[in-house]
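Order of writing sets the chain letters: A, B, C, D and E. Residues in each chain are counted from 1.
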Amino acid sequence: MLSHAYLIPLLPLAGFLVLALFGRRIGEPWAGWLGTATVAGSFVLSLVTYGALLGRTGSGREVTDVVYNWIPAIPHSGFQVSASLLVDPLSMTMVLFVTGISTLIHLYSIGYMDGDGDFPKFFLYLNLFVASMLVLVLGGNLLMTFVGWEGVGVCSYWLISFWFGRDSAASAGKKAFLYNRVADVGFLLAMFLVFERTGTLSYGSAGGGGFLGQAASLPPSTRTAVCLLLFLAAAGKSAQFPLFPWLADAMEGPTPVSALIHAATMVTAGVYLMCRIGPLLSLSHTAQLVVSIVGVGTAFVAASIGCAQQDIKKVLAYSTVSQLGYMFLAVGTGAYEAAIFLMVAHAFFKGLLFLGAGSVIHGLHDEQDLKRMGNLRRYMKLTFWTVSVGVVAIAGIPPLSGFFAKGDVLDNAFAGSLFPWKVMWAVGLATALLTAYYMTRLLVLAFLGDDRWKAVVDGGRAKKDPHESPWVMTVPLVVLAVLAVVGGALNLPGHLSFDPLRWLAPVFGPGAFEEHLSGSSQWVLGVVDALVALVGAGVAFRLWSRETERPALEPALLQRSWYLDEVTDATLGRPGQALARMAASFDTRVIDGAVTGVARLTRGAGSGLRRVQTGYVRQYALGITVGLVVLVGYVTFLAVAR
Amino acid sequence: MVPGALFHFSWLKIPANRIDFLTFVFSAAIVLVGAVNVVRQRNPVLAALSLVMTLFGVAVLFVEQQANFLAAVQIIVYAGAIVVLFLFVIMFLGVDREESISEEPLRGQRFWAYLLMALTFVGLLLAGLGSRFGSGVPSVAGTLNDNPAHPRSATPDVVVLGKSVFTTYLFAFEITSALLVIAVVGAVVLARRPGAGPLAEEDDDEVEVEVETAEPEEVST
Amino acid sequence: MSVPYQWDIVLSMLLFSIGAVGVLVRRNILVMFMCIELMLNAANLAFVSFARHLNDVAGQAIVFFVLVVAAAEVVVGLGIVVAMFRRRRGATADDFHLMKG
Amino acid sequence: MTALLAATPAHLTVKIAYLSILPMLALLGGALVILVWSSLLRRPLETVWITSLTVLAATAALVLSLMQYFDVIHHGAHVAIDGAIVSDGFSAFVAVLVSAAVVVAALVGDGWLQQETIRGPEFHVLVLVSASGAMVMGAANDLIVVFLGLEILSIALYVLAAFNARRRQSGEAALKYFVLGGFSSAVFLYGIALVYGSTGTTNLPQIASYLAQNYVLHNGMLLAGLALLLVGFGFKAAAVPFHLWTPDVYQGSPSPVTGFMAAVAKVGAFAALLRVFVSSFGLLRADWQPAVWVIAVASLLLGASVALVQRDIKRMLAYSSINHAGFILLGLQAGSTKGVEGSLYYLFAYSFLALGSFAVISVVGGPGDGRHGLDRYRGLARRQPWLAGALALFLVAQAGIPPTTGFWAKLEVLQAAAGAHSYALAVIAMLSAVIAGFFYLRVVVLMYSPAGATGDGAATGTIVDTVEPARAVGDEGEPVGVAPGGEAGSGAVALLEADTGESAEPLVIPGTTGIALALCAGATVVLGIYPAWLTDFAHQATLLFHP
Amino acid sequence: MPNDNVFPFLSMLIVIPAGFALVAAAVPRTMGERAQRVMVEVVGAAGMLSTLALAVTMAIRFKLHDGGFQMTSSHQWAPSVGVSWHLGIDGISLFLVLMTAVLFPLALLGGRVKRNPQAHVAWLLLLEAGCLGSFVSLDLVLFFVFFELTLVPVYFIIAGWGYAKRSQAAVKFFLYTFLGSAFLLIGIVAVAVIHQHQTGVLTFDLPALEKTIAGTGTATQILLFLGFTAAFAVKAPIFPFHTWSPDAYAESPTAGVVILSAVMAKLGTYGILRFDLGLFPRATVDLAPYLLTLGVVGILYGAVVACAQRDLKRLMAYSSLAHIGFIVLGTFALTTQGVSGGVLQMVNHGLVTAALFLLIGWIYERRRSSQTSELRGLQRPAPVMAAAFTLAMLASIGLPGLNGFVGEFLILSGTFLSHRWWAVVATFGVVVAAVYLLWAYQQVFHHQPEGENATTRDLSWREGAVMVPLVLLIVFLGVYPKPVLDRITPTIDQLVQSVDQATGTTQPGTGPTTAAPGSRP
């Protein structure tokens, strides 16, 4: 079954084609079901492949399946790229959780998007997204990953600007795509450098044939350059420090989109990429340092912004950025398993939270402002319970998955030998505190307190009572809640026997810091993490359960996300337009002017010479005499000179 | 540029043979005075007469160069026929009244005319006579004087000229007939009164027609 | 028997220049024609003196043909002048500047 | 008669190789026959008869010159009539070209004469005799014969210029042409005198051998003579700075005469210029080449730039002929056989273009041959598609657009210039060609813009109604694949606009002019698609150039 | 070059369109307006489709691993002038011919004119003959004749059926290109004369000239190179010589602009590849840095100015300037990978701009304007058109999986190997390219449509039929470019090797062995 890995991405792609050609005819619900079926089918296929892979051991767990020869061998430079898929523990982990989460969210979308005019088109884009994500994850070489990379970028552009009637949605989509494009430059340059240095783009494994195999023999400067360039790409895709504003605006898209793309799958692509080039990354300490610093920095900044947001989806968006920061911290410390574990766990509870928020918004008929919700506990029982599970998980309160995943990351940071790792651990801890605070704030504002939504008079008539979402939306919530709780077991510390993630070792090899932490210090750290989470939650509960307006706690700096948007606009936006206008006028006036200038010059010369033609015979004779004198003069000069 | 080689006007010395020199000076004076008069004379008739004077001077020089026949032809054809024709036309058109020489409508025409022609003269002089060669080149069209020792007894120039016109230059001679045909036909055509037929409306290029669309400005968008 | 030929050539050059000046300066068309005749005579003089110097008959033959050409020219020239003067009395060369630019 | 002949002493009789002068005699004979015949009849001869006689004489001359050409090919070049005339490829080429030009000129003249109702044979006689003058210049082997040929050509043209007595410009043009012509031929004559004085002979091959034998230290007089000759030739060929007469004379004289003048006068002048400067004074190339270079550049640039601002089509074509003179000088200054070949090809191509263009102008000029403003050509394609197509073809060919003779001509001349490493001149030449391209294109645009609207200015956003590009004339009716007139075909006139701006008085093309147009257009296109014939002919002409 | 005696494919490629042009012109006007329009269009379509069929059969017969010229046919045309009717096709020109043969029928069907279709069809067929002739002729003068021959029809198409300021735009186009080709003519003549001095044979035959001219001194080669490149730089607008293209593209009718941008622009880049690299290797290597800089400037400048354009057509003009910049970049990288990418990108760019200009033309037909300010929210009433525009836009941006990406990637990676920093700067061009296209798409297709915008009808069956082949090609070339690259790379490898031998430089290798990056001198 391993050799048919191409079926996994092919199924959703087929779904996309069918919907593209007959989408409109299939119509409202069935298009949704078709979409969900294809994704579910590829989930089953990936389970089967996972099983087959489990059967093998050690290095046998890496199978490359060449589908067809994409770019033939270019003579002399030997550049040759084939459309190949790489099935190994890392990619299978990603495939499993991507197809899993997608199936749930497809199911959820059937409910969420009912009654929308472009219902089939939504699933069309979703299917294409899943196909591209699978290609990204299963890609056997950098170029295939890049194909998936751009594919998901375009799908996120389409899905964000799905309700293109709304100006904000259209420009948000464009903004997301442009940020991704800026990042892709890094990816392209990295690919060129890798090809130039190693002659191939295919990964191969630590010891094997691809460019990762030659990682050791590369000069350190190249290694750092490649890693940093790829990190630039990852930062763009996974919304890290300078490039994360697009994720907040991406909330313009429908909530399932936010859940699937901007929480669970696409944004994790960056982390996957960094993990994939792990062997190379771990050889370049400077790159590791940069990655972890940016990671932890983003985590803290995003968490701080999250505390001041009013829009429920914005809070979750910044929380995602913050959690991604954690993942990059883990990658930076070399704890790739921890990063993957946090990613999977995060996918569960963040997906749950987003879907929860979605059903809240659906219930309150498109109301997203926390300050206008409250006391939904009475009306949306199931949503309340599932969301609270998610909040507890993400806050890192034991025994849920968040505690273990985040704990792992912080432990690795603490274990780092040098001083900066300790600082990063402290910042990470502070971020954990903030996370617990703003998540509890969200829960309290949305579900507890009094019914602030009644006061909102929308268009003259009072709002109807919020109703619980239909089953097709609540089932995924429940499944995700269960997973969020159980997720922690995947990577229990220490010596517990059952540890499926241990099987990732062959991909990443040794090098995680955690091993040389003594068992006791791990327990101490765990207790510290738990305490921090409880304190954060408690403070938030006490502050926000009664009072809903606390300007001191929501300063403008944080609400405007550290004015990052204004800064980029001032540095790139406006000057860019000015440059364009200036270049355009330069083009028409100077270059074009030069051309018409020459034309006018010729005509001027013409009319000037025309005046020589006076019409008088004697002056013509004078003209001839001038010619005569010149020639005779020339001849005399010749005769005399010789 | 060796100045020495520049001017070898060795021929400037006064020739020994006194009479030849006198005749040359006399005829040169006639020629030059006549020429200047043609230009300066206000009355065209007097100008024509001074032209005759020049022609006479040139004829004398011809004789001195043993071109007796040419001298005669010069007087008869040139002075006799062509200048008479001039006089006839002057009288016929009645343009024989005084014509003011002093005012010159075309600005700078006079100044440039004198300057340029002076330059040409000097140029020709330097270029032309500066060169020393021009030695006895074997005559192609036949020698003029087959007995240099006794110029008088040599075959008369008429015979030699006659022979050359009808052998070497026979073709040229025949072609002049075409020239004369044109002259006659031309005279007839030009003398014809403009008959009936469509009078050409005034040519429209005097009226400055503004061709705006096809105007060259169109290049400059 | 006669002066060195260069004297004659200088004289002819002088005559040529005077003729040319005459054409440029005088406004009466007929006088311009006469000046052209002067230039032709200068050429004839040069031809004859070269013929004499080179002891070659070609020079004299050329003068013979130049005479014919001069005659034909004058006939046509005067014909044109007469044709033009029929329209307007006493025109000088400067009156003919209809076409310019 | 035979007795008389026998009596003359043996050394006096000159062996005359009749074949070498037969083409000229054919023309002169034709002229005389017409003259005598029309004077003998009581009532004056019909113009159509005179034209047919002229065409007959000209075609006879054409056939004879072709015979001469083939005779020369087989028996080699030889000097005839005691050194006055040379019968070689070069003279045969000139003869063929001149006689062909006469055929076209006579046809165009006929149309014009009937339009102006001018009776009498004089026009055709003068055309024939002046053409023979041009042939003489082409075949002259002696400076005297060159001078005589020049005078025959010029004097006839002075009279032809004055032919339209009713139009004041015609007289003025003739007068200007006469005065300046007289002045420059006097200078030319003095040049011959100086050359004669310094080399001792007027015979061209003799001069060449003289220069070959003795290296002349102080050749001041010879160079002065050369300079004066160049002035005379420059005037006739309308090169700058001796060009001042060209615009006025081209505009003033009747259109058929202008066409004839632009073609045949230029051919005669350049033929003699090429022979004198390249074959006899070839050794002095180092001296005269810079002068010719400067004249060529001046002609190229002035001709192109002033033509840009002209509003009268005849003056515009006058300046464009100065530009073309510059191109032909390009070939001359190369001083090589390739240069002569290029110049000859260019002359051949340009003659037909000039004759054709002025033929169209003479028709469009209307009665009185007066109105030649560019404005008259607006929307011509609508009223007269064939005429407009022909003129468009000639203009495009003069601009040098590929598949026409104009392009091959420029290519040949450029090859010559490149061969002589005068790349700068080639660049300047092509720059002037681009400027020229504009004012040729402007006329084509005018012809194809709709008569009513003012072209594009007033047109609002809607797509302005445009004109079906007229058919280009192909003489055997064979469609012309490439001419801007689009393809031959019966569907000629596009949707007629209701309000054709000016009164579209019926422009009728006289039959004879139509034939002439067909000949010129055919020559331009056929030789454009198969340039091999003409290039071989010009190539042969230069090989035999040095007898 | 032996004559391919089986069937003169290449000569027929030129003769068929020219012949049909005459037939189209000869269609009698007497029968009614409607019948005549139908008849003319049938003739037009027949002509172009038969040419397409011929081109396809020829492509099938094209032998795979043979880098040299195939299906050559050479006859004497004017021996004393040295011009011969010498045609041949190889990896470089094969796909350009195919692209031309595909695009002309689409342009004809897509850009129909209401008035006077007879002349329009006739001119288009003649233009096709000119373009195909230029791509397959191996004789310099023959190339020049076809190169100039394309000028006249385009002039008449723009002047005849263009928009408001069409005659000025047409004149400017004609003169600008004419000036460029004037220098080309001098270059051609000079090359032939130098060849004649060395070998005594006067010929304009490219293969023969290449042997002698490649050996001449660098100084002469640089002069000749500048002469040739002047004409090609004007034709494919390269940076400083592009000011005619916005006017020409904005003012010409749909069919005209499709051909002008898709096919005619490639005449320039093809010319550079075929003549400059072949004839003047030393000059190419010496001037490569300058040309690369022009290419990169073109990419960034074109994109930046495009951002400030309000008219869709002008925006596309500057976008083409940027894409041509990429092709120039690839050509002067002088690595097999870069140049092959350049050739592939020529075809890709042709297909993409053709699609975009057809769409813009149809938008103009519906809304009488191509100003972004007047168009809003078209995606609502015309989703299919929006989808097609999106696909073409994404291909133009270089989305992997579509044809734009493969060419662009090969160009950038190829240039990276030899001239590293030019490639780095050019890669940023990719971003700016996305900016103006997405901005334009959002302006025109997103937001709420009001007024006339809301009632624009979607693509008709005819327009859909025209778009389908383009869309299929765009996707196919993106997903499976192997057959195209297999035929291009052998010829390019031969060409780059010949440049290396003549100049003694070597292409930079890849893999761990490379010493310093970008070893090309």
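Going forward, contacts are C-beta pairs under 8 Å (C-beta built on N, C-alpha and C of every residue); 3 or more make two chains touch, one makes a residue touch a chain.
Given the structure is predicted, the values throughout are model-derived calculations rather than measurements.
Chemist: Tell me which chains count as touching both chain C and chain D.
Modeler: The common neighbours are A, B.
Chemist: Centre to centre, using CA atoms, which chain is the farthest one from chain B?
Modeler: Between chain B and every other chain, the largest centroid distance is to A.
Chemist: Quick check for you: compute each chain's CA centroid and the global CA centroid, then name the chain with the smallest gap between them.
Modeler: E
Chemist: Any idea whether A-C or B-D has more C-beta pairs in contact?
Modeler: Contact tally favours B-D.
Chemist: Looking at CA centres, what chain is most distant from chain D?
Modeler: Centre of mass proxy via C-alpha means gives A as farthest from chain D.
Chemist: What's the distance between the Cα centroids of chain B and chain C, rounded to whole Å?
Modeler: Centre separation, chain B to chain C: 3 Å.
Chemist: Averaging only over C-alpha atoms, locate the centres of chain D and chain E and give their separation in whole Å.
Modeler: Roughly 42 Å separates the two chain centres.
Chemist: Quick one: chain A and chain B, Cα centre-to-centre, how many Å?
Modeler: Here chain A and chain B have centroids separated by 99 Å.
Chemist: Just give me the whole-number Å value for how far the CA centre of chain A lies from that of chain E.
Modeler: 37
Chemist: What residues in chain C touch two or more of the other chains?
Modeler: 9, 16, 19-20, 23-25, 27, 33, 53-54, 56, 58, 61, 65, 69, 72, 76, 79-81, 83, 93-94, 96, 98-101
Chemist: For chain D, which residues are shared contacts with two or more other chains?
Modeler: Touching at least two other chains: 144, 148, 151, 155, 158-159, 162, 165, 169, 175-176, 179, 183, 187, 194, 197, 200-201, 217-220, 223-224, 247-248, 251, 308-310, 315, 438, 442, 445, 449, 455-456.
Chemist: Using the touch definition from the top, which residues of chain A touch two or more other chains?
Modeler: Where chain A meets two or more other chains at a single residue, that happens at 592, 603, 610, 613-619, 621-622, 625-626, 628, 632, 635-636, 639-640.
Chemist: What residues of chain E sit close enough to touch chain A in their complex?
Modeler: 172, 176, 240, 242-244, 301, 304-309, 335-337, 340, 377, 379-380, 394, 397, 399-401, 405-406, 409-410, 412-414, 416-417, 423-424, 427-428, 430-431, 434-435, 438-439, 442, 445-448, 479-482, 485-486, 489-490, 493, 496, 507, 509-512, 514, 517
Chemist: Would you tell me which residues of chain D are touching chain A in their complex?
Modeler: 175-176, 179-180, 183-184, 187, 217-220, 223-224, 226-228, 230-231, 234-235, 241-242, 244-245, 247-248, 287, 290-291, 301-302, 305-310, 435
Chemist: Could you please specify the touching residues of chain B with respect to chain A in the complex?
Modeler: Residues 1, 6, 106, 109, 112-113, 116-117, 119-120, 123-124, 126-127, 130-131, 216-217, 219-221 of chain B touch chain A in their complex.
Chemist: Which residues of chain D touch chain B once you look at their complex with the stated criterion?
Modeler: 11-12, 14, 16, 21, 28, 31-32, 35, 81-85, 116-118, 122, 125-126, 129-130, 132-133, 136, 142, 144-145, 148-149, 151-152, 155-156, 158-159, 162-167, 169, 194, 197-201, 203, 206, 210, 216-224, 251, 308-309, 311-312, 315, 367-376, 378, 438-439, 442-443, 445-446, 449, 454-457
Chemist: Per the contact definition, I'd like the list of chain A residues that touch chain E in the complex.
Modeler: Going by the criterion above, the answer is residues 68-72, 74-79, 143, 146-147, 150-151, 154, 161, 164-165, 167, 170-171, 174, 177-178, 181-182, 184-185, 188-189, 191-193, 195-200, 214, 217-218, 576-577, 579-581, 583-584, 587-588, 591-592, 595.
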